Structures are given as structure tokens and as C-alpha cells.
Amino acid sequence: MKRKKIESAIAWSLPDRIYVKGQDLCADLLGKYSFGDMAFFLLMDRLPNRSESMVFNAIAVTLMEHGLTPSAIVAQLTIAGAPEAMQAAVAAGLSGLGNNFVGSMEGAARLLQEAPGDPDADLRAVAERIVADYAARRQIVPGVGHPFHVPVDPRAPRLFEIARENGLEGRHCTLMRLIADALSAQRGKPIGVNATGAIAAVASEIGIPWKIVRGIGVMARAAGLIGHIKEELENPIAGEIMMRAAEEAESSHAIGS
Amino acid sequence: MKRKKIESAIAWSLPDRIYVKGQDLCADLLGKYSFGDMAFFLLMDRLPNRSESMVFNAIAVTLMEHGLTPSAIVAQLTIAGAPEAMQAAVAAGLSGLGNNFVGSMEGAARLLQEAPGDPDADLRAVAERIVADYAARRQIVPGVGHPFHVPVDPRAPRLFEIARENGLEGRHCTLMRLIADALSAQRGKPIGVNATGAIAAVASEIGIPWKIVRGIGVMARAAGLIGHIKEELENPIAGEIMMRAAEEAESSHAIGS
Amino acid sequence: MKRKKIESAIAWSLPDRIYVKGQDLCADLLGKYSFGDMAFFLLMDRLPNRSESMVFNAIAVTLMEHGLTPSAIVAQLTIAGAPEAMQAAVAAGLSGLGNNFVGSMEGAARLLQEAPGDPDADLRAVAERIVADYAARRQIVPGVGHPFHVPVDPRAPRLFEIARENGLEGRHCTLMRLIADALSAQRGKPIGVNATGAIAAVASEIGIPWKIVRGIGVMARAAGLIGHIKEELENPIAGEIMMRAAEEAESSHAIGS
Amino acid sequence: MKRKKIESAIAWSLPDRIYVKGQDLCADLLGKYSFGDMAFFLLMDRLPNRSESMVFNAIAVTLMEHGLTPSAIVAQLTIAGAPEAMQAAVAAGLSGLGNNFVGSMEGAARLLQEAPGDPDADLRAVAERIVADYAARRQIVPGVGHPFHVPVDPRAPRLFEIARENGLEGRHCTLMRLIADALSAQRGKPIGVNATGAIAAVASEIGIPWKIVRGIGVMARAAGLIGHIKEELENPIAGEIMMRAAEEAESSHAIGS
């Protein structure tokens, strides 16, 4: 009946010791590595060095909180209906962090990681080709421009600065900025790298595969949602959001009935 | 139609600045506070000092990974059915972190935080009364004993040590240990504080209300679940777990049919 | 390593036959029992007779759709972020069907099912005592009154009528109406049974335990949420709901900055 | 601040009347249409006739319960950890009904609905071309064959029979069977249509777009999961499933430590 052994290389225990990915939890990890570093460890199968830790923690901090996003509203609506289960409100909020929400971040990371790898490549030419390809396919270039943070999304230069201070501002960061330059030239107006593009670039510098970028967003947002659930319990707005939407939707039917 | 203003005190923006709980994200937080510290900030409405940061991060690290727990198995079964939506697999895994899973941790934190607050109280007498009360109600005392980590759950002394090194080993830690002593005396065999009890104690030392303890578990486990989802995609076990359960359940019916 | 046999009495198979709770799916159920009847079967461990089927299906139909409820808005916000995973949008929407959402329906069913069982009891006196008890505890009597459907929630008389036409309008329906009468007398104005109270009453008539009433709500709403997800994909409103909430929340901070 | 009107064409109310998709809930729907019929109505924007109702209900009944599937195990593991929130256990179970779980059903429906539409087409030739195309792409043909229900999945002939009895066994059913014939000829052994293929065929006969087929699976399974949650509360197996998986995973590490 058993076709395959059930295995997990993540964690295991002896009576007096617990191992996480081969490290002794109590002797080697607790008190020595932060929550963010451990998240890096579980995602990447290696502990970060100090520079990688700085960049990875900055990515997570950037992603954890953006005000009343759809996932925050979902978490607040859910705790209002089911106050007995905070965990389910977090779960509901995370469920919408999909293709449309993290698509731009995943897309930018993929774009950078799949760009021609020749170290001698003329990155400016690479960037111009990418922008031309997107234009030809009538697709939006991910990672650049912002409707509100004009002309510059302040998170992007700060993330690049943190990477630079830690010796990790490399080819991916350069390419991301050259893409923004190429697009600006094409459009005839300044378009900057946004938070999404900067996260994609610095995550690529520390070797995070683009397929895992979504996981960082989910993990970081989970912490942020607890804050929104706490706020809903203290100063509720879910009922008001729902009532207004319902009444406006009703109103078109009620008129003339 | 509007009865109440929709407000949120968590995050807001100007074109060139983003605020999180009144702090400038780019100038004051990014690169200065880690992911764990920011989680503390969002939960507690204040930034941690260095000692609190050490203890809070240690709590989160302790909680993020325990091997093939029910929530890990759920996440792995879910990604196996729906590989298109990593976020939904995390959400499903978190949904079971409820009364039975975090009940013991919440219960221990509540016990400590609701114990008689008189600073001159004889904590040993308080502990003995608590143990006697639980015995009279035939309830299990939370936070002590472990079926596998015998005689000592190694996470407990390490967490107390981290609290001590940071000047945060106070009354709650003492009371938790005295409760274990009182229970040991009652049972006539050594019973130690477990990870749950130690987390409850050190979380209480840094002022985390017992009602929020569940949120720390949810947030920490979200990061751990990404690791399990990654492992399922690389070395799948969900199919085998399901197949064995289904075949065993079928077998009682098939016999004699 | 095995302490307990893994069993399930719900469904099992032979190569040429599938059984659901002892019934042959193909020979005895498919084409003979509707989706609603099968839901009754899985919840109650027996197939409904024709009258019970009429009442149970009416309960489910009443519960499946109520316009832009919190769970519908959650499902629409979630599919907007993660269009790749319809199942996750349904899941997110269901997560809020908790104590506050179904509390009133559960509460009314419990009230009726735990009322003094003596068949000769004077139900009017029982109802008056219940209303007095709630008043003394300053609690809201569940199952009566409605802010919008004034003076009568049209679903209540229709559900009672369906029960009556099927010979199932008994003691629970009577008691529910007497409770509304007693409350009306106490308040000096007419207060009627609402949909929640009527569902609780007719569900009690067909023997559904109050603890399972929540499950009927969850199951019925799952079908309704698919309709909302379809509408969001065809005529999206999630972005507008989010944008308005976010802008209003931002506005209090922006003023004076 | 408002860019778009918030609208919903699903349900709206007057004080004495509730409309669902233009029908008066109390006068036209309650007591006249079953839960399954209403689900059809919400998915398809029209009420089913008697024949469509028979076929649609049979599809839903086929999908609602399959024993200890991954989604059932997930629901049982989740309620074991969080017994306070039945809705969250259903939600977790539904989260895995994604590409791999319903992929085959969606794939078969898509295959049938996108097959050359010329009514005079020689369906046998169409089927042979489809099978040849899948072989050339080394892909598995969806909707045929079953590892356990050999040689015939009993649900398939029964679903076809129900369609036939209701005058709805048409071109899609024929094509599905011809695909199985063509594959049998290619492989030199009998391979039959399975439940997935039969559902895809009869759903196509009643006009259900392949993109909505997933929704029927989600809705039907929600009802089935309530049954599994009830069973876990009465005769728990989640702890045993988890314990065995965890111990087996631990065992490879413990050896030699």
C-alpha cells in the first residue's frame, strides 16, 4: 500500500534537540537569527549573510503594509463576520494575492532573470529591446511607473540605496533602471522604477528565483493583515464599506420599481 | 448613505512619502528595522527596543516551523491540487491554527496575565493555587509537559535564557516555572515548562496581550508554510498521504463485499 | 506507529460500484435524488422524504443569495486579485460566515430546540418567559425584527407556508411566532419573525440540530458566491470598492499634511 | 472620487419583496425550484427546464462526495485544529480544487466545446484526429480511463443514461465516446469514458461553458465537505493521519543520529 516514503527535509527532532534544515534550533538559530533571516533560510535553504539579510528584510518590510488594499479589506470584512477565527481572516486576505496582485512583481523579476545572461552584454541595448518587444506586443512593461507616486516612487531609490550600501547593487538593478530610461525615451516623459520593479531587482541580486517572489509577498502580508484585523476589532469599518456598496447596488434597482 | 467615516490609522501616503503608523517608511523604517521588528510594530503600535526585538524575534523563530504539522500537511495537499495559487495553499494551512492548535499557548498567556497582580504576592503560593484549581476542575494546565521532549523541552530553557540575557526575565517567567514545579510536586515526577509555556511567559514579559498571541503564531507559520509548499513542489508527498488514508478507509468496507 | 484505524463511513467503492452512506450511487441516488436532497443525506445520514425535501430545499434557496453581503464582496475582491483560482475566491468568501453572520440563525435554532420540551407546555407562557429572560439579560432576541423588511420579512410567511403545505408546521414554528408576539406586546409595536427565525423554526421541524445550521448556510452560500464571481469577471466592481475605501481613509491623513 | 457606479444584477429588495435575477424570491422561486435548480439559475442566468434540471442535479450529485479525497482530508485536519470555525474548514478544503483536481474535467469540457462545430462533421474522424494530436504532443487525453474502475467507470454510463432519458444525449456525448473508442483502438485495449468525461459531455449538452465547470465542482464539494467535518467531529482521524506522516518523516532523520 505504500508506494513512496513520506519524507521532509525541513525539520526533525530528538528528545533534547530540534533541527531545522540541519541546524540545531536552540543552539544555532534562536537568538542568533531574526524572523526575517529564518524566512530567508526556509525559502532559500541557506542562511543569509549580513548583506543579504539587510536586503531581504527591506523587501519584506516594503511588502507588509500598503493601507486599505483589497487583501486588507477582505481581512477586515472577514473578522467582522467571524470574530472567533482570526486565522481565517488572515487566510481570506491572503487568498487574493494572486496573478493580478503580484503579477507585476513576478513579471518584473522574471523579465530581469530571463534577460540575456552574457555578462558583457550591452545592458542598455538589452533594455531597449525589452521595451520595444513589450510595445510590439502591446503589453505593459512591469516594474515601472506609478499613478500616485509621481515622478518617483520613493521606495525604489531607497531599496536601491540599501542594496548599494550592502554591496548588492548589481546588474539586475542596472537593467531595471535602464528599462525605465528606455521607456521614458520612448514615451517622451520621465517614468521611474516603482516599488515592484525595485523589489524584483534587489530580490534578483540576492538570488531569489522569480517563482518564489510571490511567497515573499504572501508571508510579508500575513503580518500586515494581523494589524488590520486588530484595527477592525478596535475601530470597525467593514460594516460601513459593505453597507455603502449594498445600498448603491440596490439603488439602481429601486428607482422606478 | 454614509453613517461613518472610513478611516485607517495604519498607513497613508503623499506622492513622495509613505507613512506607516506615523513613521516615514523610507526614511525611518526601511533598512533600520527588520521584518520581525516591523511585525512587532504593527501588532503593538510601537517599535521594539533592542531587548524586546531579540525576544520577539526568538518567539517568531520558535513558532515558524515544526515539521509535518497539520497545517503543513494541509498546505502541501492544497498546492498539489491547485499549483496555480501558492497564496491559497498558505491560506488553507493557516485556517487550522485555531482553538486546539494555539489554545494551549493562548491559555498559558492568559493564565499568566490574569494571575493576581500584587507585586508582593508570593508567586509560589499563586502557582500552587493555580495548579490546585486546574486539578479541581479536572483541566490540563497549559504550558507544561511534552510527550516527546522528555524530561525537558529544549526550547523553553533557551527562550528563558534569551529573555534573561536581554534583561526581560521577570515575574511571568518565574510564575510559569513555579507552576511547573507545583505540578511536578503534585504528580510526584518532574514536569517541565514546554515551548508553549515559555513563549507565553516571554511574550507576557514584553507586554503582548494574550489575545494577540494567536496572531504571532499565524504570522510566523505563514513563512514556514512557504517552505513546505516549496518542498511539496520539489519532492511531493501529498499524493502518498492521501492515497494511504483513502485505501485504509476503503479497506474496512471492501472486506466481505 | 498506528494507534487507530483510519475509517470513513461516508463513501467507498468497488470496481463496478460506488457507495455513498451505504447507498449505491449509480443505481439508487443518481437521477433519483436532487443536489439538495443529497446535501440533506450527507448532513443527516438519512434521505429526506418528499415533505422534508421541500422544506430543506426552501431553506437552502433562501440562504444562497442576498446581494452584496460581506461574503460576496470578499469573493469579488479576491477573484479580482487572483483570477487564476476561482476556488480560492469562494473559500475566502465563506471564511466570514462565522459567529456574527450565522449567530442569529444558530441562536434562534438553539433557543427553539432547547425550549422546555413538555408537549403539553403552554407555548405562549414559554415564549413570554424567553422574552422576559432576554430582556433581563439585555440581550437581543434572535429571529425577530428586520431593519428594512418592515413590517414583515416576506421570506418568513412563505417558509411557514411551505412547511404547512408539507405537513411540517409544528411546535417550533408556533413557538417562534409566539416569541414575536410576546416581544411585540412588550415593545408595544408589531415585530415579526424574520427569515432567520423562520429558517431556524422550519429547520427544527425537520430535525436539523442547531449546531449544523451553520453548515447549511455555508453550503448554500458557496453556490451563491459562484454567481458573484461570475459577475465580477463580467462587470467588475471590486476595484471601485477598494479605491473609494482607500481614498477616503487616506483623506483624513492628507488634510493638513 | 467615484469613477464607476457599484452595481449588481444578482439580487435586490423592496420592503415587501426580494428579487433574485429578476424573479420574485417568495412568489416565483421558493417552494418551486430546488437548491440545484437555483444553483443552475445563478450560474446560467436562466432557470433550467425539467430535463436540464435532471442532468444538472445529476452532475452535482456525482461531484459532491468521493471519500477521503485531498479536500476532505484538508477539511478534517482543519476542523481538528480550529473547531470553532466550521466555515474555515470548508474554505480550506475548497482551496485545493484547482488545476490538478478539476483540470481533467475542465480539459475534457474544453476539448468537446472547442471541437470543430460543423454539424455534418464526421465525429469519428474528429475523435481520431483529437487522439492523434494528443499522442503527438505526448499529452494525456482527458475524460477517459480510470485506475480502479476497470473496465468501466459506472458513473459514466449512468450519466449518459440520464441525459438520454431526458432527451439531452447529443453530439458532445457521442464525441466523448468516440474519443474513448479511438484511444482504445490506438492502445489495443478497451478504455472507457470516466466520470470526468461524462460530466464534461453532459454539462456541454446543457450549455454550461467549460470555464464554469470548475464552479460546479466547488459548489458541489462544499456540501460534501460539511459531511466530512461532521464525521471528524464524531469519529476523528485527522490526528492519526498527521501523526503517522510526521513519525515516518522523522524516522529517516532519527536513524543514525
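Going by the order they are written in, the chains are A, B, C and D; count residues from 1 in each one.
Just so we're on the same page, a residue touches a chain if its C-beta (ideal position, glycine included) is under 8 Å from a C-beta of that chain, and two chains touch if they have at least 3 such contacts.
All values derive from a computational prediction rather than experimental measurement.
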>> Just to be sure I understand the contacts, which chains border both subunit C and subunit A?
In response: B, D
> Quick check: more C-beta contact pairs in B-C or B-D?
Replying inline: B-D
> What whole-number Å value describes the gap between the mean CA coordinates of subunit A and subunit B?
Replying inline: 24
> So how far apart, in whole Å, are subunit B and subunit C when each is placed at the average of its C-alpha atoms?
Replying inline: 33
> So what's the Cα centroid distance for subunit B and subunit D, whole Å?
Replying inline: 37
> Hey, what residues on subunit D touch two or more of the other chains?
Replying inline: 6-8, 12-13, 67-68, 82, 84-85, 87-88, 91-92, 95-98, 237, 241, 244-245, 248-250
>> If we count contacts the way the header does, which residues on subunit B are in touch with subunit C in the complex?
In response: 5-8, 12-14, 19, 82, 84-85, 87-88, 91-92, 95, 245, 248-250, 252-254, 257
> Can you list the residues on subunit D that touch subunit B in the complex?
Replying inline: 67-71, 73-74, 77-85, 88-89, 91-93, 95-101, 237-238, 241-242, 244-246, 249-250
>> Touching residues of subunit B toward subunit A in the complex: what are they?
In response: 1-4, 6-13, 15-18, 20, 25-26, 29-31, 33-36, 38-39, 42-43, 53-54, 56-58, 60-62, 64-68, 72, 85-88, 90-92, 94-98, 148-150, 152, 154-155, 158-159, 161-162, 165, 212, 214-215, 218-220, 222-224, 226-231, 235, 237, 239-241, 243-244, 247-248
